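Naming follows writing order (A, B, C and D), and every chain is counted from residue 1.
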Amino acid sequence: MAKEIKTIGVLTSGGDAPGMNAAIRAVVRKALSRGLKVKGIYKGYNGLLNEEIKDMTARDVSDIISRGGTVLYTARCAEFRTPEGQARGAEVCRKHGIDGLVVIGGDGSFAGAQKLAALGINTIGIPGTIDLDIACTEYTIGFDTAVNTAMEAIDKVRDTSTSHERCSIIEVMGRGAGYIALYCGIANGAEDILLPEKYDYDEQKLINNIIENRKRGKKHHIIINAEGIGHSASMARRIEAATGMETRATILGHMQRGGSPTCTDRVYASMMGSYAVDLLAEGKTNRVVGYRNGEFTDFDIDEALAMQKSISEYMYDVSKALSI
Amino acid sequence: MAKEIKTIGVLTSGGDAPGMNAAIRAVVRKALSRGLKVKGIYKGYNGLLNEEIKDMTARDVSDIISRGGTVLYTARCAEFRTPEGQARGAEVCRKHGIDGLVVIGGDGSFAGAQKLAALGINTIGIPGTIDLDIACTEYTIGFDTAVNTAMEAIDKVRDTSTSHERCSIIEVMGRGAGYIALYCGIANGAEDILLPEKYDYDEQKLINNIIENRKRGKKHHIIINAEGIGHSASMARRIEAATGMETRATILGHMQRGGSPTCTDRVYASMMGSYAVDLLAEGKTNRVVGYRNGEFTDFDIDEALAMQKSISEYMYDVSKALSI
Amino acid sequence: MAKEIKTIGVLTSGGDAPGMNAAIRAVVRKALSRGLKVKGIYKGYNGLLNEEIKDMTARDVSDIISRGGTVLYTARCAEFRTPEGQARGAEVCRKHGIDGLVVIGGDGSFAGAQKLAALGINTIGIPGTIDLDIACTEYTIGFDTAVNTAMEAIDKVRDTSTSHERCSIIEVMGRGAGYIALYCGIANGAEDILLPEKYDYDEQKLINNIIENRKRGKKHHIIINAEGIGHSASMARRIEAATGMETRATILGHMQRGGSPTCTDRVYASMMGSYAVDLLAEGKTNRVVGYRNGEFTDFDIDEALAMQKSISEYMYDVSKALSI
Amino acid sequence: MAKEIKTIGVLTSGGDAPGMNAAIRAVVRKALSRGLKVKGIYKGYNGLLNEEIKDMTARDVSDIISRGGTVLYTARCAEFRTPEGQARGAEVCRKHGIDGLVVIGGDGSFAGAQKLAALGINTIGIPGTIDLDIACTEYTIGFDTAVNTAMEAIDKVRDTSTSHERCSIIEVMGRGAGYIALYCGIANGAEDILLPEKYDYDEQKLINNIIENRKRGKKHHIIINAEGIGHSASMARRIEAATGMETRATILGHMQRGGSPTCTDRVYASMMGSYAVDLLAEGKTNRVVGYRNGEFTDFDIDEALAMQKSISEYMYDVSKALSI
């Protein structure tokens, strides 16, 4: 028989993402509206081990839906990667009466959730990462805001790039996943997109493309570079030397993690937070919430962590066709 | 055997929507990249009848992806609703060598596309409307931008509403479809959402809710009112009289139709424009492009026009649970 | 000899304005850094009379500089317009040890400050109003944010106005002062600006201007209408009837009062809050802070309230010359 | 007797700045409204020497007031720094009938304008630079937009900085002038501001300040670093090593040069463009337009170039007092 849940804990873990506050608010209020108690755990698994835990009321999450960051803070926790740390985590949950736990974070955070579930704490993961690099879901909290932040910044770089008839290399986040780069590439009408998923990086091809584009009358050349592909500043120097076109590099950096969440991030994060509480109330554990094929759904964490995600070849091809 | 297409025409029709320019750009460039010619038809079906038609090059659509509105302009056209008008439209297409046509607009515009298809002009519709009220697709061009514009405006109203501890009624667009209202309702943490799809509008219930919320310590009361539900200003006067809480109405109006498109609107509109050209190139006609179950797809226009769309009861229920 | 101040009170009064939080934060932190105590008075003079007063620490104003509205709330207070109310206000100040008071608001709020000063409470006014209608100063808190909010909304209306080749009437705030209308008129490239300060409102002239502009190839016609000049919706109907150009009215409303303050509003409000504390620390009373001729300065409240402000004829003439 | 002007040329030179388009539009339309002809010179002095010159109509500047960058493009021009280049520039002006010239740019561009004036071409400079580093004026085109762009980006970095309880170093533009850094420092509530104008840069003091702030309960530590003070990334590594607080560097870069101009930049740039035409029409030459003591005015270029600008000590002191 499914365990009956009385008190839900909620924490955010790993890199923060805009919309996490909307998810926290949804967990708190949906749980309260179902007659459950809710406790906020501060600073991720770290705060769990340190017992930084507080009761949450409906008013504690007033006015947070529009704010970036996470009111519960977040941190990495080496200790929680050990069996001892995990055992202590489960113990702290029991001590505080937390029989259901919602973990908002990425794959690393879900690995922790999996361990707690195995130790008898009913646990549900919600995908929160700006990188969209979680295989079981088409939506992760923060991606939509991050990609709009990056796009708006690149629009601005493009203005000055055009005025000076310059080449601009803009480095966006996403070390292992090129979604931000691919979306910005299309949305900003970039001439080239460098993705970790494509193994065809060839600087000479890039240089030839710049030279051809100038001949076709293009006033600038925008290259979107996913973090980790190469060193943008030295790439800029080599390109300028080879093409004679003034070339500048911009690394957007941590601003992509912040800001008031977009409507999609607020709404979908709210739905996922609410959905996670429903799962716990039904006695489910070791599940991760996803959005797939147009609806909210859930997956076994073990299966979710085993899935692979690839980037859309079709989108990449379209980006190429539209950059003429 | 499928007709081979040589020249594609493109027009925007009905109310404009942010992202239409991204779709136009995609149609033009994807067609050129496939070796086709492209002609822009200005001011919708009106411009078709008046032969306001120009050749489009890749440079003609430079720098438009980030702009609101439609560079092809749009208009209503009574004459095109008559069989004579439609016959002349098909004739003008033939005169200008347009054997494939992309129509970006809403259901009314697709009805025109259907007629042209029946008259032998291969025609594809792309859903462009901020109202999201096209049944065959989960995405329509402009909704994402409109809902973010509305949400950001409501965030601002909420600031002043809180400072004055006021009730605010905010009227958003969507006469026949409450999606903008429902999304904003969740994203802005509104206390009440009035939707055309819900028949339970009861001012006394609303008033009771306001009085209860004040008791629970809420500093403001936000009501999102979908256009057409009721007269916001007189509703405000009645609510103020009944609750003693200062109440103000704001009608967001046409600003919701404009503005630089969001990343989703730029990317999805680009994908749809590209997809429409692929359909024409494959000899397809009388189809409308859609986004469903996580992928771009297409439907017969006749079937698409016959589909019904309903608002998500689950989302509405969540909005209620989270407004405590 | 100047009275030595030990405890400063701060309140916001009248309509809220973005930047008020920056001023509150500056008053609190500048006072603390000078070794003074600070008390926040909630809901304006109303809260003074009701003794809604709390000690403020540096942490109480953390993270508020970027927020719209006022964390101290604001309200109108009929009782404080009576000599009895004012006497009680001074008494409450004394009871709570408040010997210096900073009042952030408009002319009406300064009239209250004047009375408290006469009753022996050292009082300094800071101009906070989006309308810029305070004669002694070229800057008031909130104007810069409000005018940018209005301008961005009008940019969006303009997109759709152009796409439909429409005339748009946009009503902005400023019942007695046309600064928002004049600035937006220039910044949005409006064809006509209707100001309370100009007595030449002549609908026939407006109509003739629209007809001429269409002939000159203009794709839209934007009219900025300061609140109170006329009823925008009926004006739109008459103009459409007379010109045959589709005409729509938008009333921007309360969104102009909210939103995260601009850099100017955050910086200048911070400077004014700091300056007000310096004045109190020097034993000054019955002064209002102003920005004039490129520097922060202060005026006697009595003199400040007697000054007249007129709108710049030169700016108005330039707006006309540039709308061709 | 003052030379009568018939044809005005206009060019943008040096780094681009948001609002330059508003100034171009104002020059064009004000000149046309005074019965003068106007010619646009593309790519700064470079385009003058290459005779990239076109007639401008009122419609050529439609819809540009809201756009970043400069529709006339801009470039550096080594040749124009030589007497031969300057002589040829004056000759090209005469050949094209340009008897008055408006140069929008910074001090370097004004030095060129000075030479042309000496060679008999009536020339007026308009200060266009995001750095605010022109001594004769309190306003330069683009500063207000740039500082708001930087501030909004820093607000986002701050969100994630707070969530992770991190120290963030954010490098803003302004190699020789710390205005952007100082304004952002106040507007973003930064804990430390590093300015080129202050010679007290002392990393140990910075480190001590971080340690003290943590003790006082601050959840993040924001350092605004004006470009050129030091290498942000290595500074971050040293600070992290010394304080144990996770520290990240962000270089905002070229996005600060672009974007739709703010209301102030649109309005003031329009006023300055209009004012420059008035000066030429009155027969003035070798003048630069300024904004000082609350009004638009003009200075002799020779005198303007000799003036010195210092940063406000008072603002810097306030920034310190408010960062507690």
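Assume a contact is a pair of C-beta atoms (placed from the backbone, for glycine too) under 8 Å apart; a residue touches a chain by one contact, two chains touch by 3 or more.
Chain-to-protein mapping (UniProt): A, B, C, D = ATP-dependent 6-phosphofructokinase.
Small disclaimer: the values here were computed from a predicted structure and weren't measured.
Asker: For chain A and chain B, which third chains touch each of them?
Answerer: Touching chain A as well as chain B, we find no chain at all.
Asker: In whole angstrom, what separates the CA-based centres of chain A and chain C?
Answerer: So the centroids are 39 Å from each other.
Asker: Cα centroid separation between chain A and chain D, in whole Å?
Answerer: Averaging C-alpha atoms per chain gives centres 36 Å apart.
Asker: Would you please write down the residue numbers of chain A that are in contact with two or more other chains?
Answerer: 155, 162, 219
Asker: Looking only at which chains touch which, which shape fits best: line, ring, star, complete or other?
Answerer: ring
Asker: Taking the top-of-page definition of touch, could you list the pairs of chains it picks out?
Answerer: Here the touching chain pairs work out to A-B, A-D, B-C, C-D.
Asker: Touching residues of chain D toward chain A in the complex: what are they?
Answerer: Going by the criterion above, the answer is residues 12, 15-16, 18, 67-70, 73-75, 149, 153-165, 168, 219, 248-259.
Asker: Of all residues in chain C, which touch chain D in the complex?
Answerer: Touching chain D from chain C are residues 25-26, 29-30, 32-33, 58-59, 62-63, 65-66, 138, 144, 147-148, 151, 155, 162, 183-184, 186-189, 216-219, 260, 262-264, 266-267, 270-271, 274, 292-294, 315, 318, 321-324.
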